[in-house]
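Same chain, two partners: chain A is paired with chain B first, then with chain C.
The block that comes next holds the complex of A and B.
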């Protein structure tokens, strides 16, 4: 039992890092633009399928395909922003959230069915030669693919943090989050900041999707689950907080595996949703969030 | 104005009478089935519209109410309970659940978007849980299937659909209905005028849930077999939103038009473009949200306005000349 718990904890942390990465894109977009892009899970799915195709058709290693997936998702993000989301930039916040949410649903529905046509409803995974390799520490197994994914997720989160804190553009983004009107007065082109945040969010979804495809599997109906996980983690971590999002992701991952071990694997998904509702009701600003964020 | 009212009432009566005579005239079962589907979807869209369209609280988990309605009605009905208490139970169970989530959510003045994603999560919780607890297919009782009378079911569900539209109409024309619309327009302004936003939202939620549960009950009574958790799938949450928006949310006739349009178009698309129909629907939905927030009702209004404006313009332009 103890060994099973330890193993569950490790698997929970490994998948939790991906939840964090999936959520941080959603959170970045929502924090900056107030777009609630519920097609985020579908973008993640497309990232997964992109690397799946690169691997099966062109024999590109999944980890090496990450830059290509980023590029692909940047393009999709750009397209979505230019064609659809840019039309909602000027709405008042409440309407903006609602309309982007509804448009996001439509986009999700379309992408899901495009994926169904292109890749069938089967679960698709990427299995390079080293897929089964794992090392064991104190009786707990660490599959190297998932460990590598965890490391990559951390690297991207750290890089994002650094970008937002240290670079000029990152500061412009943060200024826009705080007060877009004041940011405009300071000469920041808010439209470009919005566009940048949106495509960065899509790109982060692409990275997460690649890691999901290599460590787990992808299928056309997964988008909704990942959007929900992203929302859960975003709300738990507090919008706009990268550290909070990472912690939220890890908590969700561990809570899920604990439920799978202690109660039943069938309720894996439910525990996250219950936590989500509780956080919404009790601490809507997020576990680590500040009162008004 | 009164002439207009008489005409619309006459149209309504003619429409209802025509619908009542359909089973005696039409031989084909598939047309009856299509109409039943339209009735159920009308109930679904109209019930969603009370909370989403009139009160401005977008619910993305309407499947929870619909599903609970099917569950309660189906369980009771297959146990041998009479039909009407079973249907009523479907609505009541949905309301009980709605209150359970609505009271804390609205009391805390949860921001609109948080309510929305909260409902999405709740419906998903029920979907997974029901799938785990009741993983099997449910059948109507054997005797029911042996003497399955489509026409009888048609009349029951037609009556339920008319009841739903009627309740929605009376509600939005009443004082609480006006309060609900005020909350949608501007919650703070409504509160400053003495409208209790919490109570109005809760009232709208209760009606929406009850009628949504009733729609579920109708489905449970109509469908011979399905998986218990099928009626909790996200599709049952998205379809009412689509229908209400396409038809015209925040109007009585909008969801009805939306349901007719939705069911007929879906049928046509499934026959003609097969598996691509959901892509068409997604696109259509996005276009409506972006460019036609008033839905088909707005198109109709615009056409009518354009038609009636011409003579008026001539009249008004004469004195100025």
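The block that comes next holds the complex of A and C.
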């Protein structure tokens, strides 16, 4: 039992880092633009398929394909923003959330069907030579692709944190999150900030998708599942807190695998929703989030 | 320097400004006073481009402001301290000031501007690393003004800088505003604290129900109900 729990803990952390990465993109977009992009999971899926194609058709190593996936998702993000989301920029916040929710669902459905057409409904995974390699510490298995994925997720979150804290552009993004009107009065072009946050969110989804494809698998219906995880983790972490979102991701991952071991695999999905409701009841600002003012 | 002519502005279907005309000359400290809801803040929003006027023209030097987006207007040298300061509470004092110098032109002179702002508000230098949300009311207002000065504006628009402050702090803030004006920054001051504002300003406009109803130095304005009640009340 103890060994199973230890193994579950490790697997939970490994998948949790990806939940964190998926949620950070969603959270960045929501925090800055107040767009609830429920097609975030589908963007993640496209990142996964992009690296799948690069691997199967061109023999590109999945980890090496990350920059290309980022580029690909930047373009998709740019397209989505220019064609659809930019039209909702000027709406009041409430309408913005509602309308982007609807548009996001529509985009999600389209992307799902495109994926179905291009890659069929089968689960696709990326299997480089080292796919099955694992090392064992005290009887606990650490599959190296998943460990590498965790490291990469951490690196991206750390880089994002640095970018937001240290650069002028990052500070402009944070200022826009807090008060877009005051940000405008600083001479910040908030529409550019919105666009930047949106495409960065898409790019982060692309990275997460690649890591999911190499450590697990991708299929056309996975998007909603990942958007939901992202939403749960975003609320847990508190919008705008990267550290909080990462911690939230890890907690969700561990809670899921603990539930699967201690209760039953059937309750795996339920635990996230229970945590979601509990956080909303007890700490609506998120685990590490701060209250306004 | 700044000239508004016959400005009409709306919030949705509601007309907020009716033919507002006013002028601010280089080096002046002009007050815009009037009761709550008269259209003072709206006038500032129209100048900074946060609200587009339905008709009329706004000129700043040779530039026509009416259609420029708000972030471009800042570039021309107009800086606004919004009502309540609207500082970025989640960021440090220094980060707030850095954002004040966001524009490329201002960024080049950031260190110099910082020195200038710290010389006016030494308290901000002491609090540099502190999160802005932890500042007191007076310090927040200092930060808001300091942040607006970081772009080295030619024209500073102040919206109710005395709001919610203790009288002793109001006096201090007003002294600083005079000092900033003396250092060559033209100031347009919106105030509900009519008495203090009129004493401070070179000239004033009185605005009621979205219309300019009077202008002049403060002795000229005593005939206005809102001005008189400020003195008597």
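Following the convention adopted for this analysis, the second predicted complex is superposed on the first by the 292 of 293 C-alpha atoms of A that agree within 3 Å, B and C clash if a C-alpha of one lies under 4 Å from a C-alpha of the other, contacts with A are read in each partner's own complex, and residues count from 1 in each chain.
Keep in mind that, in the parts below, contacts are C-beta pairs under 8 Å (C-beta built on N, C-alpha and C of every residue); 3 or more make two chains touch, one makes a residue touch a chain.
Predicted model only: the values in this text are computed from it and were never measured.
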Which of chain B and chain C A:101 touches, first, second, both or neither: first
Chain B versus chain C as contact partner of A:280, first or second or both or neither: first
Partner chain in contact with A:136 - chain B first, chain C second, else both or neither: neither
First, second, both or neither for A:175, with chain B first and chain C second: second
Chain A residues touched - chain C or chain B, whichever exceeds: B
Of chain B, residues touching chain A in the complex: 58, 60, 101, 104-105, 108, 110-114, 116-118, 120-122, 124-125, 128-129, 131-132, 234, 238, 241, 245, 275-276, 278-279, 281-283, 285-286, 289-290
Chain A - residues contacting chain C, complex: 168, 171-172, 174-175, 178-179, 181-190, 240, 290, 292-293
Touch list for chain C against partner chain A, complex: 48, 50, 69-71, 74-75, 79-80, 82, 86-91, 95, 98-100, 102-103, 106-107, 133, 147-148, 151
Residues of chain A defined as touching chain B within the complex: 36, 84, 87-88, 94, 97-99, 101-103, 105-110, 112-114, 116-117, 224, 228, 231-232, 235, 264, 266-267, 269-270, 273-274, 276-277, 280-281, 284
